[in-house]
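Take a look at the structures listed below.
Across the two complexes that follow, subunit A remains constant while its partner is subunit B and subsequently subunit C.
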Partner chain A sequence: MSNLFDLLVAGLATGAIYALVAVGFTLLWQTSQTINFAQGEFVMLPAFLMLAAMHAGAPFWLAIILGILMSMILLGLAFKVLLVDPMMRHGVLPLAIATMALAIGIKEAVKQFFSAEASPFPSIVPTGDIAILGHAVSLQSIGVLVVAILAVFGLTTLLNRTSLGHQMQAAAQNPTVARIIGVPVERMILLTFLINAFLVALASLLITPIYLAKFSSGEVLGQAAFIAAIVGGFNQVRGAIAGGLLIGVLDNLAAAYVSTQYRAAVPMIFLIAVILLRPQGLLGRAEERTV
Partner chain B sequence: MKSTLLVGALLTAITTTGAFAQAIKLADVAELSGGGATVGTNWKNGIDLAIEEINAKGGVLGRKLEVSHADSQSNPGVARAQVQKALDAEPYVLLGPGYSGSVKVTAPLAAEAGIAQIMGGEAAELTQAGNKFLFRTSFGQQSSMPKVAKYIHDDMKAKSVAVAWVNNDFGRGGRDVVVKELERLGSKVVADLSTEAGQADFAADVGKIKAANPDAVFVYLNEEESARILKELKRQGVTAPLMGETTLIGQKVIELAGDAANGARGHVGLTTDAPVDLIKTFRDKFAKKYNYVPDHNGLKGYLAVYMVKATTEKMGKVDSKAFADTLHGLTIKAADEPGILMDVTFNETGDIDRQSFLVEVVEGKQVVKQVLPKVK
Partner chain C sequence: MSGFAKPLKIALGLIVIAGLIVIPMNFNRYGLFILSQWAVMTIAAMGLNLTLGYAGQVSLAQGAFVGIGAYAAAIMTTHGWPLPAAIPVAIVLSFGVGWVLGYPALRVQHHYLAFVTLAFSTLAFLVFRNESWLTGGIYGISNIPRPHIFGIATNKPLPFYYVCLGSLAIASLAVWWLIRSPWGRAFMALRENPLRAQSLGIDTRRYTLMAFAIGSALGGVAGALYAPLTQYIDPVPFNLSLSLDLLMMVIVGGAGFYFGPFLGAMIAVLLPEWLRFTEGYYLMLYAIAVMGLLIWSPTGILGILDRYLAERRTKAASALRAVAKSRLETAQ
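Right after this comes the complex of A and B.
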């Protein structure tokens, strides 16, 4: 029983990070029909930007700020202007393939300019335990969960409670009508790209102390977040959150109770089941789109 | 006619005195990227350092050493292709790879070409297939694992042991020997966990270890995964003593795992913290050249080149075909060849006999707790 509790906590902490990345997936899809296959690499890169800042002499807190800002410039603004905008007019598929190429490019660049070896990365949460319901739970797990929940809460508040959020939703749901009623659609789309860049930088900050900073660490994350987004519902932020948490827990339970070798297969099987039985995702809504 | 003869005589004189002697070509195939990048980079740097030293002192039998490095990408398939390519260039000796899985698929190629292969792999089975051209730079698992099991049983007094291993040739080989030895000695294996190479998340595995509540945990993973599991063991508050091999307490693991590595123990065939003067000198030279402290793979690469030097000088000629025969049964003394760092004997299967060390990580540093002597 104690084992199950530990597994749930660890799974939720990892799942919360998947959720952050999956939310970014869904935001980009909703506003610009971008399926970003480089999303995993987007999580890997900010950690290296922060490390580079630290190597240049910046203290950790400043490196975090610089890393997040650099991510928003590179993975938000530059990604949209240099890759998405020119490719978008050719359709969803060429853009998706371009993001795959981008993923390879980012990985190789990090390998080339940084190192092929893993590097340690400091944690924003101190090590240590805290007792919850008689169980010792690591502060790191709690910290990851709290930061991820705050980020998601902040995002949903922005989307649902502010005029800016309503404009973003309008731009996502029907750009033509949104334009007619005066919503600056282009600016709203850019804002989603910046929010995605912020979320992946945050995910990077939370996951890298555990996974280590390595050029290839985005592969696992990108895949998990992609599955989470589809399972939860690609067109719903809350779906992506639920999908992320579910995949995190499922992965840990599968490793513990099914088999370590087949742990990666269990979320996949779950994904296939969802696609067959509920194609719009667990919390998604059915929609038709011309692609 | 006279002038032609003169030129001919001059050319003969020049080539026989060695003023224009061809360099001795070595080929290295190592894990320069992928999961084994730490292994391969250290190995490569060790090789380069040794070659630089040897060439600065006039080379081997008056000939310079040259090496070509190829990247196996930590992938046995790529390693095989790279080794085939390297062998096509007819090197004097083949160096690497470091991963046992890659050695396993490349060793038949080198043997077929009749080229000696000096490698970093530690899986027990590598030298048990009757290959006459394969040589280790470190202990095979059949030599090290019984020492590990004995330490867990006798010194740690562990009656129950959790074993976490990586599911590849290296991990499986070590796991098989250590589990057999532990059971023979009377220590019960209460958790037997296979993990995947490149695995990022160890929460579930450590959860199982915690649930089994063992007296000791034996961890046998590659370096990066070792660092991740050490962090997770600390995160979940597992307090049982940790025992492993070089891969658990290597410099890179300590750097990556930070505080979580403290207290971990390991049997180490080679360590740059060994209380041996020649090794300390090596460590300083390496750190000066590359700005970091090498792990045992740096030592292995360095030793591989000095094995080439000592064997060639023993033969008194550069003879690729006779190389393997000469190295079998050869004892190289550090007093005669300081680059070999410690006295070493190579047996008929290419395995080595050398003193080894029992190391504990104390405040981020490897501290040698015991020196285990050469067997023979």
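Right after this comes the complex of A and C.
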């Protein structure tokens, strides 16, 4: 029983990080039909940007700020202006392929300019355990959960409670009408790209202390985020959050109760089942089919 | 490539084929390996081009079928079976699995289909890695023998290159015939407008499954050649990135163009080798080149050529029209 509790907490913590990444993924899909196959690499890169800032002599807090800013410039602004804008009119598939190439490019650049080895990364939460309900729970898990919940809460407040958020939703749901009623659609799309860059940088900050900074660590993360986004509902922010938490817990439980060898298979089978039985995702709305 | 005159096209084709046979004769071991790899990857990409380019079904699992073919060939040939016996097994196996994978395509399309096939790709990789009683697990299968074809041993790189090239030729002819057959036309109808295809009496259900199965079978053939080419296989080359690479090959070359996979595989296999002098930067440059190409022409390299030829034709036609018009006017 105590084992199950630990697994749940650890699963929720990883799941919360998946959720952050998956939310960004669905935001990009909603506003610009971008399936970002480089999303995992987007999570991997900010940690290296922060490490670079630290190597240059910046203290940790400054490195975090610089890393987030740089990732918003590179993964938000530059990604949109240089790759997505020129490709958007060409349709979903060529853009998706271009992001696959981008994933290779980012991985190789990190390998070349930083290191092919895994580097340790400092944690923003002190290590150690605290007792909750008689269980020892690692502070790291709690810290990750708290930060992720705050971020998600902040984002949903922004989207649902502010005029800016309503404009973003309008731009995502019906760009033409949004434009007519005076929503600056282009700026809203750019904003979602910046938010995605911020979320991946945050996820990077949270997950890298656990899994180390390595050029290849984006692959697993990117896949987990995909699955979370689809399982929860591709077109819903709250779907992506639920999907992330669910996949995180499922992954941890599978490792303990199914087999360590096939733990990666459980989310995949779950994914196939969801797509076949409920393609719009557990919390998603049905999309109209294009012919 | 419809802008060239027919004899010119045939001559060009013969020159390329002669070049592929003659020029590699004095290549070294490594050069022959790379060229054989190009032939093998072209076969796999051709299969994906059939599924994606002609029938319009997105698949991120072609790498898994190359894996299935490779393991079938490796397991059988290391147990004493000849490769010509293993290839049909690889074909049947990947055809069957591909057929089953086609079923989700009947229900979901586009990105959802992409994700189902992506999940399948990962599952296949897990099976390759974990079922060590069959696949040797992470240690893989080594000492895969190269075949004797018509009593000739193909252990040396050059003869085996000819095996790959010959297989590529057979596969190319088969695909050429297929896309010109009623089946090929049905695939294209499926891509362009499934609803209209159905109302014309095309059994879209069967053809969707067929598009998956035949495309996957070609992936299996490629795998069955890949195993004796490298003579050692482990699960790593057949992970998701192979599927993504193959998809890039098809799109970069030009999806839905017959020669697209040949060009795409050339770029994916040979370009990194040519860029090797840049040392660690070559994959980065490759990635940038692919992105640049896709921004310039989302229909790939052959898309550029196609547009250029179409423009030239319209220009020529409008020039002819202008001449005819002025003649009419002077006649009046």
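By definition in this document, the second predicted complex is superposed on the first by the 288 of 291 C-alpha atoms of A that agree within 3 Å, B and C clash if a C-alpha of one lies under 4 Å from a C-alpha of the other, contacts with A are read in each partner's own complex, and residues count from 1 in each chain.
Please note the rule applied: a contact is a pair of C-beta atoms (placed from the backbone, for glycine too) under 8 Å apart; a residue touches a chain by one contact, two chains touch by 3 or more.
Not measured: the values here are computed from a predicted model.
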Three-chain arrangement built on subunit A, subunit B and subunit C clash or fit: fit
Partner chain in contact with A:V177 - subunit B first, subunit C second, else both or neither: neither
Which of subunit B and subunit C A:I210 touches, first, second, both or neither: first
First, second, both or neither for A:D129, with subunit B first and subunit C second: first
First, second, both or neither for A:A98, with subunit B first and subunit C second: second
First (subunit B), second (subunit C), both or neither touched by A:I272: second
A:Q261 touches, of subunit B and subunit C: first, second, both or neither? both
Partner chain(s) touched by A:L150 [first = subunit B, second = subunit C, both, neither]: neither
Angle, in degrees and to the nearest 10, that opens at subunit A between the C-alpha centres of subunit B and subunit C: 70
First, second, both or neither for A:I65, with subunit B first and subunit C second: neither
First (subunit B), second (subunit C), both or neither touched by A:A56: neither
Distance in angstrom between the closest Cα atoms of subunit C and subunit B, superposition on A: 5
Subunit A positions touched by subunit B in one structure and by subunit C in the second: 111, 261
Subunit A to subunit C touching residues, read off their complex: 35, 37, 83, 86-87, 90-98, 100-102, 104-105, 108-109, 111-112, 219, 223, 226-227, 230, 234, 261-262, 264-265, 268-269, 271-272, 275-276, 279, 289-291
Contact footprint of subunit B on subunit A as seen in their complex: 2-3, 6-7, 10-11, 14, 111, 115-120, 127, 129, 136, 138, 140-141, 209-212, 214, 216-217, 220, 251-256, 260-261, 263
Of subunit C, residues touching subunit A in the complex: 58, 104, 107-112, 114-116, 118-120, 122-123, 126, 129-130, 193-195, 240, 244, 247-248, 251-252, 280-281, 283-284, 286-288, 290-291, 294-295, 298-299
Residues of subunit B defined as touching subunit A within the complex: 32-34, 37-38, 41, 167, 193-196, 198, 200-201, 203-205, 207-208, 210-211, 224, 227-228, 231-232, 234-237, 252, 255-260
